[in-house]
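Pasting the structures in now, so scroll down.
The following pair of complexes shares a single chain, subunit A, combined with subunit B in the former and subunit C in the latter.
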Partner chain A sequence: MLRRQLFGLMAGAAALAGISSPALATDPVRIGYTIARTGLFAAAAPSQEQAYTLWAEQVNAAGGLDVAGEMRPIEFVSYDDESDPAKAAQLYERLITSDNVDLLLAPWGTPHHLNVAGVVERYGFPMVGNTAASVMIREVQPGNIWFPTSAIPDQIGPALAQMLHEAGIQSVAILANVLPYSQENLQFLTPALQAQGIEILMSENYPPDISDMTPLLTQVRAAEPDAVLALTYPADAFLYTGQARELGIAPHLQFLLIGPTIDAFGKAFGPAADGIVTLAHWSPEQEAWPRARPFFDAYVARFDQEPDYLDSALAYMSVEILQQAVAQAGLDHDALRAAIANGTFDTINGEVRFDGVQNAITPTAFVQRQDGRMQLVWPPEIATAPLVTR
Partner chain B sequence: MATDRNRQAMRRILLPLLLTLAGAALLYGGGLRAGPYWQVVALTLAMWIALIQSWSIFSGLTGYVSLGHAVAYGLGAYLMATQFRDYPVWVLIPAGGALAGLFALIVAIPVLRIRGPYFVILTFGLAELVKFALLRLETALGASSRLLFGAPGTTTLLAWMVALAAAATLLRHFVGLSRFGRGLIAIREDETAAETLGVPVTRFKVLAFALSAVIPGMVGAVMALRSTYFEVLQVFSPTISFTIVTMAIIGGSGDARGPVLGALFLVGLSELLRGASPQLYLILLGLCLIAFVLFAPNGLSGLLDRRRK
Partner chain C sequence: MLDTLLSGQLLFAAAVLGALYALIGLGLNLVYGTMRLLNIAHGDFLMLGAYGAFWWFTLTGISPLIALPLIAAGGAGIGLALYALVFRKQLATGLAPAVIEARSLLLFFGVSVVIQNVTALLFSATPRAYRHLDTVYQIGQTAMTGNRIASLLVALAILGGVLVFLNRTLFGLEIKALIQHREAARIVGINVSRVQIVAIALGFGSAAIAGGLLSMTEQVTPFMGFRFTIAAFVVIIMGGLGNILGGIVAGFLLAVIEIYAVTLFSAEARSILIYGAFVAILLISPQGLLGRARR
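Up next, the complex of A and B:
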């Protein structure tokens, strides 16, 4: 600590004395964000921060960030928000007013995004969001925040029901975490299934810190559904998958809401993760998106793990959008806001354009792990492989 | 004799009153002048002062450590988040306090029959119970989270919060001086003896418990306006209760100065160390706690007293 401070002091003195290094010739672009390094979301957040890190390293290696024609290196200013959305809002205020950052990247998760939305609105500071999905994002006044995700519950429900119907599924058992995202999905999924004539044999909620699903899964097994729809968060996705295997639950199709896109999930279950369907709208297998495969390869090379097909992809998309907007408009908030709101961007997930706060192009989609590869299986226009049922 | 009484009145009533008002003015004025980020820090500081002073009315005076004050905060916040669109803020803030006080009054009757470590565990369990019950209720209502746009700005909230911190400080001070407060202290020293001496033990405890929940309810209502996003798990977080107890240990809860010192110390420390490393911050905090328990069991305010003597 002390040594670092002394070093900083010496470096500062050296710079003042005019012995500055050539690196100081161009001021870095200071980019601020907070991330959950400790607390409840600490396990999920690295998949997002690693995408940021990779991007900054790539940009700096290529000569810097193009700020309306001028190349400047990227420097991050980041804080731990301790998984507390209120603290995230407070720290974004600090980033804007005290650290005077040039640009902002998004924190992890819906609660954090929606809390920070108030801050960026107050200061008129444009920020491209990423890992937030809720029908509530539509209540956010368009202006300074955008959500590139297409995983919005009122679109997921009908899409999932249609995919199941076309796969010949006639009955389902639903298990849902009581946390907001699962419940929002449940709310739209239930009527959509009924509209497709799919019978709901059981529908049960469970608490977020559940440690044993056996009683619920015994009921599922007895109900003999064609498909199990588990509206999970990451922790219970692992629990469900492990315990469902032990109990020999093997329906035609298993859908898990959040979890299977994480690198650790594939590693934990290996071939047993094959066939599980989950929520994501990106895959490196899609050749129509030329940036997708290079991102995947670079990520694996840098971190020795697969990117999260949902969070890492969204995080990287958000910085690609920001980068292209900054190249065009520079750092001025008004110009940047207009550039993001009106532009069309080339991302690892194909073209993205915003309509209000929402991505107007990327469709709601599902992926399935097949032979260890994450394949897009829905909707047909972006699918990379057909859905496989048992 | 008369001058003696005057001097005592001055020391016990006028001086604390003036100091509190001066502190409040400093916090509000300083926050406004120092720029937007420091307003947020001032708001946080005022929030913790209000919470710890209130907590100390019950736990500091009676010695019953409550780990359930997050419930009072959460209830106020919940009321604000659900009714924000239908009622004005100045109605909902006091209503949040009333709701929290009423709830404390109802649960106090069974809860306060229990003493010692069991009481601590019970208050914690109760807080978790309320949290998960409301989570279920929200799920059943199909409203698992809510957005609050169009809330008043930071300066307005800061004014509210500083007023609450000042009110809580004065309340804590004057309760401590009153007959009621002495009764509570007697309960802390020896509950059975207090009862034999004629202190209405149960009534005093229940009253103090309810009273200590009112301002936290109002604090919760104000803080709900700080966030644009509301979720049950957030506002009923046990971290709120733990932080209150931590700051009270560091500051000392023997009088109304302790909570102010504890909040100043911890908020200041976290601001100083924020940039360095959050892990280091938590470790340092742990070390501080151990040091305070070992070497300054009466907290910072106890240290000040010792120096004076």
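Up next, the complex of A and C:
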């Protein structure tokens, strides 16, 4: 497996360096992006970059990117932004002005998107975002950046409260990481729960570097809530799940904000991860999205791991949107901007259309691990399986 | 509340966490004590141990606990290579300890960056995890997951073994002598470079073992080490730099503060409580819990 990984890395490096099929003789389309290869977010970024790599390999293998009728190979120009949003902004400026790239893909994470938004706006360079989710994205000047996500906290809170209400949940215990995305969700979730008449038995914040949750979970167990809502990031999602299991915390429903969608989570907990509900709006189980399952299968075959149901899916959606817009409009920025802003795109997550900076079609959704498969359980119109409670 | 505080559950959590903190601090303390090297890459050696355990289990399907001697040997080997290539010359310059400390801090910072990024290049930064010994055992009112019991037992065995080695064997006493007074140790005929080699092997090997243990309960990433480097420094400064027993006591104390103070106050106050206690101990006893002025 190690050898396969190394070969994979080399193949990935070759793809990044643009050593693609020799049959493609025309000039490559140079596509630039930065990603957090080092620093705070480096562990989260591969799920996004691997989706880019897969896409480029698939497109090149199929004869190249359709640029308004002309097939051209893809060549990536990428930099490590060291998890620093300010550095990402500088590097996007360099990609545009010095590297003269033809197209841009998005960096990883909300702060990076918000910083880069200013650059693409200044140069009038259209870019489809992906892994940014915050109410702040609505304050970005619309025109050159778009966000396919539907995981926005002011929509998540009411949707989650409604799902819990319909599942008969009457009381919850909330544990929230103090990091921004968790707190933004907490801010909208608390009033939404109250509006649904769900009693909040306890609500505790914890720091991201927490090493043991036993004290908090002992309180949760004593409170006997119908559901535990843990507004986690990946590292503490592991801690919560392992220690809640140890303490025998088995409410009707457990919701974790970020973490259960990554491949390692399923590998760490196996069947014990079944029943956990989390945030994601994509699943390969949705047959109404014919592109979903092939993407999942190709990703697993290529990287020997499952895609992240949030970040990998969003990253792939963003390149699908770009690909379809470029096929229609070519590389001219004005034409491309109009094509993205006005088009409807067929993605692994179904149809996507933008209204301003936001995805106007994909609903805020939740998934649940059931027998090792990630099933969409909310909202009913895209659900692939009913929500299972204990 | 009193029921909770007296419960076996909190005691078990504190014991597991304390044993790991003590083990992580032990390695750092041995390397600092014998050579005055401030190994800010300590957590990265822990990370390498975690990857060692992950790949061992993934490729062989055999318990990483069996592979711990191999993982320790790997950590020790990399530590010894670093010592031979970089630090032996530094130590042989006869520079004042303060200069060695300052230089080693910068050198290890570089080592840390290199280790993290080479690991990310080799294995990608994607988080890794595996499932091992995750049966939950119920003893009375206390629930314990198998991998946490194993971590506790292994860490305690190593801590006990090292304490016995340091206090009951001639070679161990030589290490202690070097920690206590470097020049005097040399004068009485202790083979300083031999002692340093053993201290390096023990220090880096124990960090790798701690990583192997943690890999059973945490996600493994190239960047997981930093948090443990910080914890290790807090532990050894609290216990008295270079004081092995002090570091072990401080490791458990840190865990007790973390578990019980969070229970009494709130999780949000964790950092305030830990660093508050840290500062308070240094105010009362500037050389740490069991520390004393050193030369």
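In this section, the second predicted complex is superposed on the first by the 365 of 390 C-alpha atoms of A that agree within 3 Å, B and C clash if a C-alpha of one lies under 4 Å from a C-alpha of the other, contacts with A are read in each partner's own complex, and residues count from 1 in each chain.
Here is the rule we go by: a residue touches a chain if its C-beta (ideal position, glycine included) is under 8 Å from a C-beta of that chain, and two chains touch if they have at least 3 such contacts.
This structure is a prediction, so every number in the text was calculated from the model and none was measured.
Colleague: Going by the contact rule set out at the top, does A:E204 touch subunit B (first), subunit C (second), both, or neither?
Modeller: second
Colleague: Can A:R245 be said to touch subunit B (first), subunit C (second), both, or neither?
Modeller: second
Colleague: I'd like to know which partner A:D371 touches here: subunit B for first, subunit C for second, both or neither.
Modeller: neither
Colleague: Which of the two partners, first being subunit B and second being subunit C, lies in contact with A:E381: first, second, both, or neither?
Modeller: neither
Colleague: Touching A:A89, do we find subunit B (first), subunit C (second), both, or neither?
Modeller: A:A89 contacts subunit B only, not subunit C.
Colleague: One more residue to check, A:D304. First (subunit B), second (subunit C), both or neither?
Modeller: Neither: A:D304 stays clear of subunit B and subunit C.
Colleague: Of the two partner chains, subunit B (first) and subunit C (second), which one does A:E287 touch, if any: first, second, both, or neither?
Modeller: neither
Colleague: Determine, for the superposed model, which of the two partners subunit B and subunit C contacts more residues of subunit A.
Modeller: On the superposition, C touches more of the residues of subunit A.
Colleague: A:P46 in the overlay: touching subunit B, subunit C, both, or neither? Say first, second, both or neither.
Modeller: A:P46 contacts subunit C only, not subunit B.
Colleague: Classify the contacts of A:G118 with the two partner chains as first (subunit B alone), second (subunit C alone), both, or neither.
Modeller: Touch partner of A:G118: subunit B, not subunit C.
Colleague: Identify the overlap between the subunit B-contacting and the subunit C-contacting residues of subunit A.
Modeller: 1, 37-38, 178, 205, 207
Colleague: Taking the complex as given, what residues does subunit C use to touch subunit A?
Modeller: 4, 7, 9-10, 12-13, 16-17, 55, 58-59, 113, 116-117, 120-131, 134, 136, 143-145, 148, 217-223, 227, 231, 255, 258-260, 262-263, 266-268, 270-271
Colleague: Where on subunit A does subunit B make contact in their complex?
Modeller: Answer in residue numbers: 1, 37-38, 79-80, 82, 84-86, 89-90, 93-94, 96-98, 110-111, 114-115, 117-118, 122, 134, 136, 139-141, 178-180, 183-184, 187, 205, 207-208.
Colleague: Within their complex, state which residues of subunit B touch subunit A.
Modeller: Residues 35-37, 40, 44, 132, 135-136, 139, 142, 144-147, 149, 151, 153, 223, 226-229, 231, 233-234, 237, 239, 274-276, 278-280, 282 of subunit B touch subunit A in their complex.
Colleague: Give the list of subunit A residues in touch with subunit C in this complex.
Modeller: Going by the criterion above, the answer is residues 1-2, 5-6, 9, 37-40, 42-43, 45-47, 50, 178, 204-207, 209-216, 218-219, 222, 234-235, 238-239, 242, 245-248, 262-265, 267-270, 272, 305.
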